[in-house]
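Labels run A, B, C and D following the written order; every chain starts at residue 1.
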Amino acid sequence: MSDTGGVAAGQLKAFVERIERLEEEKKAIADDIKDVYGEAKGNGFDTKILKQVISLRKKDPAEREEQETILELYMAALGMIGSPTE
Amino acid sequence: MSDTGGVAAGQLKAFVERIERLEEEKKAIADDIKDVYGEAKGNGFDTKILKQVISLRKKDPAEREEQETILELYMAALGMIGSPTE
Amino acid sequence: MSDTGGVAAGQLKAFVERIERLEEEKKAIADDIKDVYGEAKGNGFDTKILKQVISLRKKDPAEREEQETILELYMAALGMIGSPTE
Amino acid sequence: MSDTGGVAAGQLKAFVERIERLEEEKKAIADDIKDVYGEAKGNGFDTKILKQVISLRKKDPAEREEQETILELYMAALGMIGSPTE
């Protein structure tokens, strides 16, 4: 393994190649995700709301409901919706 | 100040309005920045590189040079440029 | 105005200084926004939900309600909530 | 396949599950990339500069060199470095 100014060239190359390969794989999966959203859209689904649903599914249901309750309280306090308790 | 489900509505409104006003100001400045870049582009400057320069100017010159040196060592080790010490 | 390799140095400096001054102003406002959120938190408000409210206020109320309806349909279809029509 | 308010529940579930599975795979790869950077750091490499190198490798070498030349012209014009032509 040759050194360039104290840099272990072979080791550096190996790290760079591993990262680049992984980044390619990651990009391929990101493209697949985009394709599935596109397919869902083609079937009449709203992709923006689909994203929101997928994000909400990651939360604990009890926590999600609590946050929804606080959101509704705030919105009611600001006159954005009718009071949720009425 | 009326309460809505335990939420101090007046206080909440005040916070929301302060944040919205500040966000508007921030957006106006962001638009100004975009305009200056546009003007620079109209005068023949490369805006991408202008951004890079402005980012580099935030760094301490000694640190910036050290990082540039390491970058060149890595690039030489990977055969992207000739060895900087040659 | 001196030229450096075809670059109008004075003009470049003027652009850079204008952008840097604007970026400082923008950062100061971003810090102010952070402070207001901190103050709201200190008064018992949930800053994450406050952010969500501010984002929702930017939308047209009719559009916001339509999206909420679709969201609930999707969540019901996925068994995340009871059917909204029941 | 049951319908909920006009939503094809089975089809929606299938899309959601496909997306969630792909997102998991993507996250696993992102974690792998983080691990490789951590390993590189443990071997004495500067991960920030490693990231920069990997980003630069994606560019066409001729374009990269041209941009580097413009960057140096700008920096010289701003007195950040000595004139590259001296």
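Quick note on the criterion: a contact is a pair of C-beta atoms (placed from the backbone, for glycine too) under 8 Å apart; a residue touches a chain by one contact, two chains touch by 3 or more.
Fair warning: this is a prediction, and the values are worked out from it, not measured in the lab.
Engineer: Have a look at A-D versus A-B and report the one with more C-beta pairs in contact.
Structural biologist: More C-beta contacts join the chains of A-D.
Engineer: Taking each chain's centre as the mean of its CA atoms, how far is subunit A from subunit D in angstrom?
Structural biologist: The answer is 15 Å.
Engineer: Based only on mean CA positions, could you tell me how far subunit A sits from subunit B in angstrom?
Structural biologist: Centre-to-centre distance between subunit A and subunit B: 23 Å.
Engineer: Please output the residue numbers of subunit C that touch at least 2 other chains, ranges allowed.
Structural biologist: 8, 12, 16, 50, 53, 57, 74, 78
Engineer: Treating touching as the only link between chains, describe the layout with one word: line, ring, star, complete or other.
Structural biologist: complete
Engineer: For a test of understanding, state which residues of subunit C touch subunit B in their complex under the given definition.
Structural biologist: Interface residues on subunit C, with respect to subunit B: 8, 11-12, 15-16, 18-20, 22-23, 25-26, 29-30, 32-33, 36-37, 39-40, 43, 45, 50, 53-54, 57.
Engineer: What residues on subunit C touch subunit A, complex-wise?
Structural biologist: 46, 48-50, 52-53, 56-57, 61, 67, 70-71, 74-75, 78, 80
Engineer: Residue numbers of subunit B touching subunit A in their complex, please.
Structural biologist: 4-9, 12-13, 16, 73-74, 76-78, 83-85
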